Amino acid sequence: MATRPLNVGLIGGGGGAFIVHPHERAIHFDGTRRVVAGALHPDPAFAMQEAADWPYPIRGYPSYDELIAAEAKKPVGERIDYALIVTPNHVHFDPAMKCLAAGIPVFCEKPLTVTLAEANQLVAAVEHRKIPFGVAHTYLGHWTSRFARFIVRSGLLGDVRWVDAYYLQGWLADRTEDKGVMQAEWRVDPKRAGASCCGGDIGTHALMQLRYVTGLEVKRVRAQLETFVAGRQLDDHFTAYCELHNGGRALVRASQIAIGHKNDLGIEVNGTKGSLVWVQEEPEKLIIRLPGQPDRVYWRGAVAANDGFLKDLPAELMAEPNIPAGHPEAFHDAFARLHRCFEQDVRAYLDHQPFHCDGSQYANVEDGRMGIAFIAAAVRSHEQGGAWVEMS
Amino acid sequence: MATRPLNVGLIGGGGGAFIVHPHERAIHFDGTRRVVAGALHPDPAFAMQEAADWPYPIRGYPSYDELIAAEAKKPVGERIDYALIVTPNHVHFDPAMKCLAAGIPVFCEKPLTVTLAEANQLVAAVEHRKIPFGVAHTYLGHWTSRFARFIVRSGLLGDVRWVDAYYLQGWLADRTEDKGVMQAEWRVDPKRAGASCCGGDIGTHALMQLRYVTGLEVKRVRAQLETFVAGRQLDDHFTAYCELHNGGRALVRASQIAIGHKNDLGIEVNGTKGSLVWVQEEPEKLIIRLPGQPDRVYWRGAVAANDGFLKDLPAELMAEPNIPAGHPEAFHDAFARLHRCFEQDVRAYLDHQPFHCDGSQYANVEDGRMGIAFIAAAVRSHEQGGAWVEMS
Amino acid sequence: MATRPLNVGLIGGGGGAFIVHPHERAIHFDGTRRVVAGALHPDPAFAMQEAADWPYPIRGYPSYDELIAAEAKKPVGERIDYALIVTPNHVHFDPAMKCLAAGIPVFCEKPLTVTLAEANQLVAAVEHRKIPFGVAHTYLGHWTSRFARFIVRSGLLGDVRWVDAYYLQGWLADRTEDKGVMQAEWRVDPKRAGASCCGGDIGTHALMQLRYVTGLEVKRVRAQLETFVAGRQLDDHFTAYCELHNGGRALVRASQIAIGHKNDLGIEVNGTKGSLVWVQEEPEKLIIRLPGQPDRVYWRGAVAANDGFLKDLPAELMAEPNIPAGHPEAFHDAFARLHRCFEQDVRAYLDHQPFHCDGSQYANVEDGRMGIAFIAAAVRSHEQGGAWVEMS
Amino acid sequence: MATRPLNVGLIGGGGGAFIVHPHERAIHFDGTRRVVAGALHPDPAFAMQEAADWPYPIRGYPSYDELIAAEAKKPVGERIDYALIVTPNHVHFDPAMKCLAAGIPVFCEKPLTVTLAEANQLVAAVEHRKIPFGVAHTYLGHWTSRFARFIVRSGLLGDVRWVDAYYLQGWLADRTEDKGVMQAEWRVDPKRAGASCCGGDIGTHALMQLRYVTGLEVKRVRAQLETFVAGRQLDDHFTAYCELHNGGRALVRASQIAIGHKNDLGIEVNGTKGSLVWVQEEPEKLIIRLPGQPDRVYWRGAVAANDGFLKDLPAELMAEPNIPAGHPEAFHDAFARLHRCFEQDVRAYLDHQPFHCDGSQYANVEDGRMGIAFIAAAVRSHEQGGAWVEMS
């Protein structure tokens, strides 16, 4: 049945930002969401210009304060149904809190905040107000991420012993931040990025993948943060050895100086009975390996609900609207799945129905908080010469 | 600068069709195109119901005749800016001709028609009326397809000697058409699919990839069409040995009974100086191989305009709006690129400006006709025991 | 129990030959075979010099006639136990016939002969004299080749519908034969190589792999032989479309001008129930694909006799003396397996016991003859404009 | 020029040992080395029986003491030219010292000894007596290992920042040692294996690969040793974070509980200008990645001395006796290269010529000692809660 598309308001996204573009396409993807308003830049005049230059007509605002105030006054159906926050890290907390105060659901880029205190406040605010809140851990949107989560939880691999979760890049191998690359500039600046560059920016993705797929939490961590490029204040290489709550161990690794790696996020889960391997750059497949058996390479779209080995794949996984195997889904498809799932929760919220926001389909505010807590613990461990530090 | 989104009218697409969905997402992708109207099914009542069930409000029509008539009367800006034809093969010709007669640009699924006579008429109509006409050879939309085309034309590989172009699937390895799978039913029916199932449905994609990447035309062909599944009237396995206009040779191969192959479209071009390899299921990379040199694996988004080996990559290739390497683009991205390029031509047409429609960015009506001519020649060769048959 | 090593006599192999070296290592591999004599070159003086330069002391002979005559007079234990023929194609027949006449088992390089008449004579001579005769189709020696053969014969893939067997190389993409490369010189010379260069040299390997793995014979063939490099008399690119005895179809393809391909021999077998894929350059694995199931990647050494899917793997396959999975076997291991199996037959022959020589472990003289017959039919088809030609 | 084959004496290798078999084939490989004597087992009667059952006649000895004593009395040419020690770890030191005392060159399995004190003694003895001494770090024998070493030393990758060296296996994921698998039994026994199972057995290979390829030494280490399988006394999972002498960092990782990994040894070297990737299970290739350039995949045998990018490849690398690209070399080829290089040094030693034994072609006694020192430091770090421990 045809329904009106949801209205999305952008906070941030102008001035050459990268991440707004995948969000845009993800918002557009299904035809059931659209951008209607934006406070696209901290400079008011530039923000208005950027809004006027948006590919199609939207309401421009000179600041997010004005956007939130004005939109909150409009009736539902005209006003924005949710806000997308795509500002640098240090400008997540304030607009997110203000949206929540105005009753506007929020989809926020990661890392959630730059301090753990802020993250805790956001968690409290979301719990208090019971408003959908999503965090853009894109890679949970891959069908194979959800399939991996099902596999581990099904017990097929036994108890988890060891996890290798990593995210390796090479784009900061030299002083990219001095070459006018906005993406690099703010990431290496402690004021805008927080206490960690590499760990916070991409290590948190590796952690999120670990937590999502295994359902396990980190108990304590010992970490080494390295800065290989001279003159940089924050880490560009990050290694954390973790103890998990079930007694297992994990490496959470990240690098921005690993030349040749593009967005090499991956996870390997080793259990007492078998292992699985997933890599983001080839998101259509999941490999499962059991002793004395051939490697099983599963392809999205070609997994039967019962193949004599896997059983009882949940209807939700099987019914997923997607394209047939061999016509690959990729980054934008994952992004779109996040917004599609968030849309469902927002529509339920608007209808005063219960909504999930339980972390099973996209990361929620608590997932965001765990990323901040992990980085805080890792930085503390590093400062203490690599000692074990408990997660809080 | 914000501009109004283009309006797209759908002809076909209801009742469980597959291919309409990627088109939908591709239309939505950039926010600058939207579906506003549809004649979604040959059954008028069902067509109206399907339109009412569209994810967002559109104008439903009981038939494409009514859609074309009604839309043509609306002023530009309200009426559809182009029609997308996603009906079965035998219902391409009639609505396409009628759209052209009404001055409406057409983006049509392939194969263009079921007979060569119809294809010739369409070509003539397009030439006469000078209206943008696109054919949905999706895989031209991959950045790597366009990069491959540049590489061959740059002369890096020397003269083309041998091409292997193939499209292998396994989904018709048993009587899928008896299991209520609509996609299979019409494809194996000569009345709806034309003279070839496997060759027409997917062999034409392999041919298109060959023609697009090499710029070479097939001069003559000898072909074997096989029907492995009992009771089927059309081929499910297709092999054509081709002589190219430059004296080179090519295999154009297709199969629908190759279990384990999903949408395994690929091309290898062998020249006097080197070769390239491209496969659709891993569309982010292109491999170039020269004698005495390492294999060069190029990744979309990580290709420099001058890497000391490749030189003078055209600005068009470099400026392509896309996402960074390692965040893979895939099927929907390619689909969207087709509609994005077609949009540019439609906007030029609406502004009474020259438009390209020259086959360099998406397949045009002549490309569609060549597919039909190729299949006609292959069927004739098969009927003559595999004799050489000239392309017409 | 320790036994004396078998004595091998070489016919050919001097003067920069390539193929003698893998044979050498394969002979040495187990410590149970050694080279003791050689007629290494047609030039008598050079032959004697080459023998003196052999890495360890052997008996040199100025000609194979003298080698055969002298060795045949020695008592068993001192004389050569088998001859290895590694001369160019046109010098296989004569020494092979003479060895057989002298009661000396023969292991011969392929192609067996340059004419079908000679091949038929050799087959007759072997049948008449009942002497072990092997042909060096190396790739049968891979464990995975034997495993593939078992899989097809087990019925797991159903009836074979379509086979793609190919061997692609690039080393003759330009006039290698003019650069003093002995390997190239004789291969492109009709007098020394026979009626086909590419088909005879490597197409026969693809055919052998097809026949060994599927157990099916070619019924008739239509072929295209191309010569892409100007001035060459024989084909450097070979394509044969085959009808198999069971009604299935096969492509047997070979190229020597496919730049970037090194020794790209592979086979894909498609049956009514599933398919398998094997490639020589990654000989440790075999991929099996069934509908609705994950791809199964089997690794040599990691295959259980019963993994709940495969059953009843023959003891022979399981007991194979080899190294554990992940310590890859490769070309020399395959070569050594041929000589090891041939050694067993030679020892049985010396003990007046029955020996196998049935083509299940290495190619025999009949396999060699089939290669010659295939090329003869393909050449005939080519001469008749690609008409169907029956195998004889 | 033909020369007499070198005589090898085996110490250990009987009773179902695994590693003796690759050594055997490596000794046989070229025809210029052979096994002539053996003390194959600690049980004298069994040792004699095993010698009698050797595939070909050799001199059996009831103990290595007797072997060394008897062989040392024979004249050169009759006596063993070198000893191969393939006993469990704790039986390396004593026979090695005794061989050295008798003037017999030694090729010894790794790890060199079970204590650092012993290793130091062996180093001193070798230096004192100036006798060739090799340690069986097999993977240095791969052509690509040597090529990787050349690449790093050529400066192409700039200064080394970060190395990931790992060796992952899954065969000890459950209590393999209770199932009568001799290989597992002694490895998990502190008395026979030393202070570390996983680190000592395979972590040392990862370390050796790091040291060989980069030429860098570990300065200090912090390590975590885990025992995942209940009841085991030694580690089955090993993670060491290392500081290198040049200021770079490295992970040296090993696991024996990583199901699905067979012998997954690999190394990635990241420098300021580029990176390289090598994996043992695909030993034919080396990948080099530079910013803004395609991945370069180099294949053994297909590397030109000057491809316009690499320059001045040493003659030694180019002249390497091997088989053409695409006919893969693998484990036995690498093993054979070690013995072939050691043979050259032994022949020089016998001729009273200088010999190399400098670690450039195979590991020497100092390399062996570094492995022991590394494990000692790692175990100490682990005992101190993961503190930094300097290498000694």
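Quick notes on this structure:
Should a chain be cited, it is by its letter among A, B, C and D, assigned in written order, with residues numbered from 1 in that chain.
Convention: contacts are C-beta pairs under 8 Å (C-beta built on N, C-alpha and C of every residue); 3 or more make two chains touch, one makes a residue touch a chain.
Remember, predicted model here, so these are calculated numbers, not experimental data.
Set against the Cα centre of chain D, the chain with the most distant centre is B.
A comparison of the A-B and A-C interfaces places the larger number of contacting C-beta pairs at A-B. If you average the Cα atoms of chain B and of chain C, the two centres end up 44 Å apart. For the pair chain A and chain B, the distance between mean C-alpha positions equals 34 Å. Chain A and chain C have Cα centroids lying 55 Å from one another. For chain C, residues touching at least two other chains, in rising order: 261, 295, 299, 302. Interface of chain B with chain A (complex): residues 1-5, 18, 21-22, 24-25, 27-32, 34-35, 52-58, 169, 261-264, 280-284, 299, 301-302, 321, 323-333, 336.
Within the complex formed with chain D, the chain A residues making contact are 161-162, 170, 173-174, 222, 224, 226, 228, 237, 239, 241, 249, 251, 253, 255, 257-261, 268, 270-275, 277, 287, 289-291, 295, 385-388. The touching residues of chain D, when paired with chain B in their complex, are 288, 292-299, 302-304, 307-308.
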